[in-house]
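Listed after this line are the structures, all set down as structure tokens.
The two complexes that follow have subunit A in common; it is paired with subunit B in the first and with subunit C in the second.
Let's look at the complex of A and B:
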């Protein structure tokens, strides 16, 4: 009884503070549906919150009530602009929160709308006066998938969606128009021949050069990250089993996962510079933490790294594999802990057994593969200042090593390379080069892409990395921030528990859960590995026909054109990163003060979940999508020009591939705004 | 001995060009340091059982970096300097490695290589120092 009074008091307080009335009283689910209240001209929407979604059970408009049968409740609520809606909400299981982007108050403290089991909470009436798509979110931690417990509300007419669709067509059309004017080696009007030697920039250049040429630089950059990894392991195994309260989940899968996409765009492989995963193996193999070994004796059996692994297949497929269990990985600390333990053990093993170079990073690491792939769209690169100097220079210290630096651990020839794919930015070449011919360059996105794509003869691994990353960007947005509960549930194997090492047994799936997961895995892997590549191949064939080019095989066009997904995929992931970080920023910041989720506040950075203007998210995501689309079309043209050496043919091929890129863009538009 | 004189001839000519000619009044230790760095490294590398070819090539870089450091530089803008010192250092290291092998095969030093190495070191150091003095005197005249 007292709790009932408390709820009523807090509801009245909330109504007073915000002008949105919230009432709560204890009733059964039957009463909830069979005793509709009269709210004048306001529609009443009966919402049932459950782990981890919202189901619209009934909508009452005046005296008319539509009740949706169990299992066929819509996940998306559609209302007209100006509609007044009262939400009558109950919880089907545990305590949930109720937060509508831009309409309900901040989700902090007493302002938070809490839905306790067995009680009805009335929220509203809310007048939906801004057309568009907004999210209904849970604002109280309710279990492992809580951060992704969302549903959509579409306020019609959804003008933004139509504007975004029109913008997609317009941007595609304008980019095609631009390419029709035969731009030579340019990207969206910017020359691809120019770049900036960062180490020659006044003040910053010499400081940066001095730091990077210092042997302790790499170790200094790795060290803080190494400590973070140790905390990730500890938190993963022994911390709070609920993901968003655990450092391993909040920092790795919210902060890092989003930040790494921005790092790729602005810093290429900067993540690989500071990644501590291969550090233990490297230190043991070199018998040194940061200095150059003398004599050059390695602690390693030195077995030859299998040639068949010198590609991106393992990385690409392991990224896909991890994505198939991603609802577990990003919400269950123990799964993250186990993955990290494995990712530390494998490079240790590869350094000791095989030639002690970055074989793990090059060929196995699931993150490295996509970071390397998308790094080719980065504005940052490690390059030689003058290739002809490197050609004349016989010793090639960048490969062999010198007393001041190791030979390239990534097994490339830094002096001559023109792609970021396998350059791990360890900066050993900057230290080992006696001619001071290695530098960092700032350049336009896609500077080397056309050349890389044109010479990609059998690089199916890189093509499929592109397809996997591109399609998964769409899936991730759909799974984590889409309204469809079933897709989350299938990937999640229907399990509602979080887990650390002590409670790992709770993750045992039921047969039905496993069955659903197989269906989910089949859909995701099918689209990524077969569906989209097949469509892409079909369009490549059409492009060849329309271009009237017989000298180049469809296979070659297919492989080369797939590199347009390097910038396109990256920008889709940037759009996804915005959803992740703007909505969930409070979790990682809090996790630094309370890494194990035990209620600490070490650095005073404990925050309650409170998204930063989530209603503007689509407006941030849309430009990224459109830039990605324009870059993809221009990249396709540059590739076609490099391959076909004829503007008219290149333009016709670009036109066909442009249609495909536009269609793919529309799918993303539909997910974020439709 | 023919191989030794040839290797040292090339070495002294290269380090004269890129090092001795740029510095005046070098002490014996400073004058012979680039060669000693190579000798010291190749001796250790051989003792550790490393690969001769790759370590001899590495000695080319050791010679270059030794010269750079003794002339107060971290880098060079001369590709010719880098190439020449690399070749000379590589040849010297390769020659020393073979010499040490031969001494061992001749059973001159059944208990270990150290005395033979010391002997070789002192012989080469003397030759280089003499060459330095000759070249410097020649250039002063």
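Let's look at the complex of A and C:
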């Protein structure tokens, strides 16, 4: 018996130790390029797929062949309209897919073009008959960065790019023309004085009011998300190590990341209403989940929250910090799991050690900063109906609390405030107000922006939040959906593995990887923290000179004008959100049925990756950019008007800043279409 | 609200919270939620790159004479699966894809299975064994 076990054990050992190559046929480059092939008048493009990009190794036109040596392959494939192209594709490492927006068949089932290592796969001939920029994508999951394995193909003449550039100039020009006619307190023709009292709207109003005044409303909204967050933790730590198969990545970084931008536009800080991160801390401190409890009986050490933290700096910098590790964060479940664990733990401490209010939300949460900042461009706001009623009403239940509602946990004066930045929309003021003076309002984008911007003294935190968000919107589009592999690889530290808790060791970077990451971090942080702000300051100085205004400092103009990035940045992020969700919609939907990526199908919503008309993406992104640009220019004018109190001066300043915003818009246009 | 009401509502809320938090134990539900595992005598082998663990499980014991269904599921990148001594070759298994085969273990012994498609630098070490034991 024992000898039998011995035989088995040695057989197993042998089997594992001997790495005998199994069918590991590799195509040599020579074999690949010299393989006989004849495709008449079609050009032949030799593409090598690798983790995580496509390299154009050679292009053959008739008998002429250009071979690009290692390291000098073009990032972008340029073809002429009407060109017939045959792609001869090999894989440099693992199995990949091959998908060209609008040209190859849908990427589902047997239609998928698979590039198996060791084989030469011929695709085409494809006749490129639609001018414009399209993307070449990988359609078979090939590792953590698979969703971002893309390259560009430009079908010349790229007419759409020229049209888009012309539209950018036209929209900028038209908006400037509009502001030259001295519109007072208007945004693109819509009055900023008007708003709609949502709670007085017929049918919807009373229902909404009853729901929000119900004490269980907040809890009911948080609960489903709490469940989702727990699934994120479970999937992040124990689920499939490959990001797009894992709930924590697919739902957080594809669905949520995209959805939150739309939530900001239409619902201001609605995300903060339903976010469960600070809930544990809040419930433990209050010793209540549902009902109101006397603040004197709360469980908290009640230490004073440091004054130096009462701003957006930590939020802004932690958002930037997260962005520096974003190639890992959005592809490695364990990194997301750890971040979520941290974001649940911190508010637990802040609630118990410091005064048990939303201090974490106000000044630490990496999402708070940008959601709050951009929510000033939202069409939605929580406001008092009549401020004078609140000012005259001494008991101030909205601050101190009442038996029906807590005093504002966000430490603002709900009755008197006129900015969304720090209103977390928990609706406690709706419950505590005895005068029925609090309501929800629909308004035009940027209603309070000019006043907020003009009053912004020393609010460098918010200005830099704007710069970070704006530059990152442009940068993400370039990094994630651009053809430049090297920059993705720098951020990714060159690691090809996914990771959950058990395999977290695979994320140990090499020295070269670390070195490259520092370069990446330097570029990202440099552009966001120094580069763009410096350019912005330069233009603000010019604006001051041209406006001929001496009563106001360049610094103030710089700070105030930076608020034009509130709507502009938001619309660029909306454009980015489109490319995230239209291409990768299948991942989050599948993740709900198979959260751990283990082959479950709980709700029967398993879908294969299949982008929705990705070739029209730039046509959807462009209008968002143009709206953002128009809003930015008009906002700049409104701010200048508020600050300088003079139309002529304000218009000249707007002209200067408008040039900068147009230039920034052109950069984005170049990335999506050029 | 009365004291009784508070206790009732808080208790109810707390119960819902605790219930939600238990979602963290989701991985333990594999045997219930995995459609494959509901079938009798089915063994699910998860294929992932060797660096992350290779085939899981990689050592499978079956009794002689048993009829077994084996499902190989792709996890991270495209893998292959072959047992030469049994003449089994499942071809390529893409991430999210499942391929299955059935076999009757009529001979005692050790059957080595391997990945057949280049999947990572340690691809050549991606192996496992099926051990058919006697009575």
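In this section, the second predicted complex is superposed on the first by the 642 of 674 C-alpha atoms of A that agree within 3 Å, B and C clash if a C-alpha of one lies under 4 Å from a C-alpha of the other, contacts with A are read in each partner's own complex, and residues count from 1 in each chain.
In this section, a residue touches a chain if its C-beta (ideal position, glycine included) is under 8 Å from a C-beta of that chain, and two chains touch if they have at least 3 such contacts.
These figures come from a predicted structure and were not determined experimentally.
**Q** Putting subunit B and subunit C on the same copy of subunit A, do they fit or clash?
**A** fit
**Q** Under the stated touch criterion, which partner chain does A:140 make contact with: subunit B (first), subunit C (second), both, or neither?
**A** Touch status of A:140: second partner only.
**Q** Looking at the overlay, does A:595 come into contact with subunit B only (first), subunit C only (second), both, or neither?
**A** In the superposed model, A:595 contacts subunit C only, not subunit B.
**Q** Quick one: is A:278 in contact with subunit B, with subunit C, with both, or with neither? Answer first, second, both or neither.
**A** In the superposition, A:278 contacts neither subunit B nor subunit C.
**Q** Check whether A:356 is in contact with subunit B, with subunit C, with both or with neither, and answer first, second, both or neither.
**A** Touch status of A:356: no partner.
**Q** So in the superposed three-chain picture, is A:236 touching just subunit B, just subunit C, both, or none of them (first/second/both/neither)?
**A** Neither partner.
**Q** Is the number of subunit A residues in contact higher for subunit B or for subunit C?
**A** Between subunit B and subunit C, C touches the greater number of residues in subunit A.
**Q** Quick check on the superposed pair: does A:409 touch subunit B, subunit C, both, or neither? Answer first, second, both or neither.
**A** In the superposed model, A:409 contacts neither subunit B nor subunit C.
**Q** On the A-aligned overlay, A:614 touches which partner chain: subunit B = first, subunit C = second, or both, or neither?
**A** Neither partner.
**Q** After the two structures are laid over each other on chain A, how near do the C-alpha atoms of subunit B and subunit C get, in Å?
**A** 12
**Q** Residue numbers of subunit C touching subunit A in their complex, please.
**A** Checking each residue of subunit C against subunit A gives 1, 5-6, 9-10, 12-14, 16-17, 20-27, 30, 33-36, 44, 46, 48-49, 51-53, 59, 73, 75-78, 80, 82, 92, 94-96, 98, 110, 112, 114-120, 123-125, 127, 129, 131.
**Q** Report the residues of subunit A in contact with subunit B in the complex, numbered from low to high.
**A** 213, 294-297, 389, 392-395, 397, 400-404, 433-436
**Q** Show me the residue ranges of subunit A that touch subunit C in the complex, using the header's touch definition.
**A** Residue list for subunit A touching subunit C: 8, 11-12, 15-16, 19-24, 26, 91, 93-95, 114, 116-118, 140-143, 216, 219, 223, 226-227, 230-231, 233-235, 238-242, 245, 283, 288-291, 496-499, 502-503, 506, 595-602, 608.
**Q** Going by the contact rule at the top, pick out the subunit B residues touching subunit A in the complex.
**A** So the residues of subunit B touching subunit A come out as 41, 44-45, 48, 50, 54-55, 57-58, 60-62, 64-65, 68, 74-77, 79, 82-83, 86-87.
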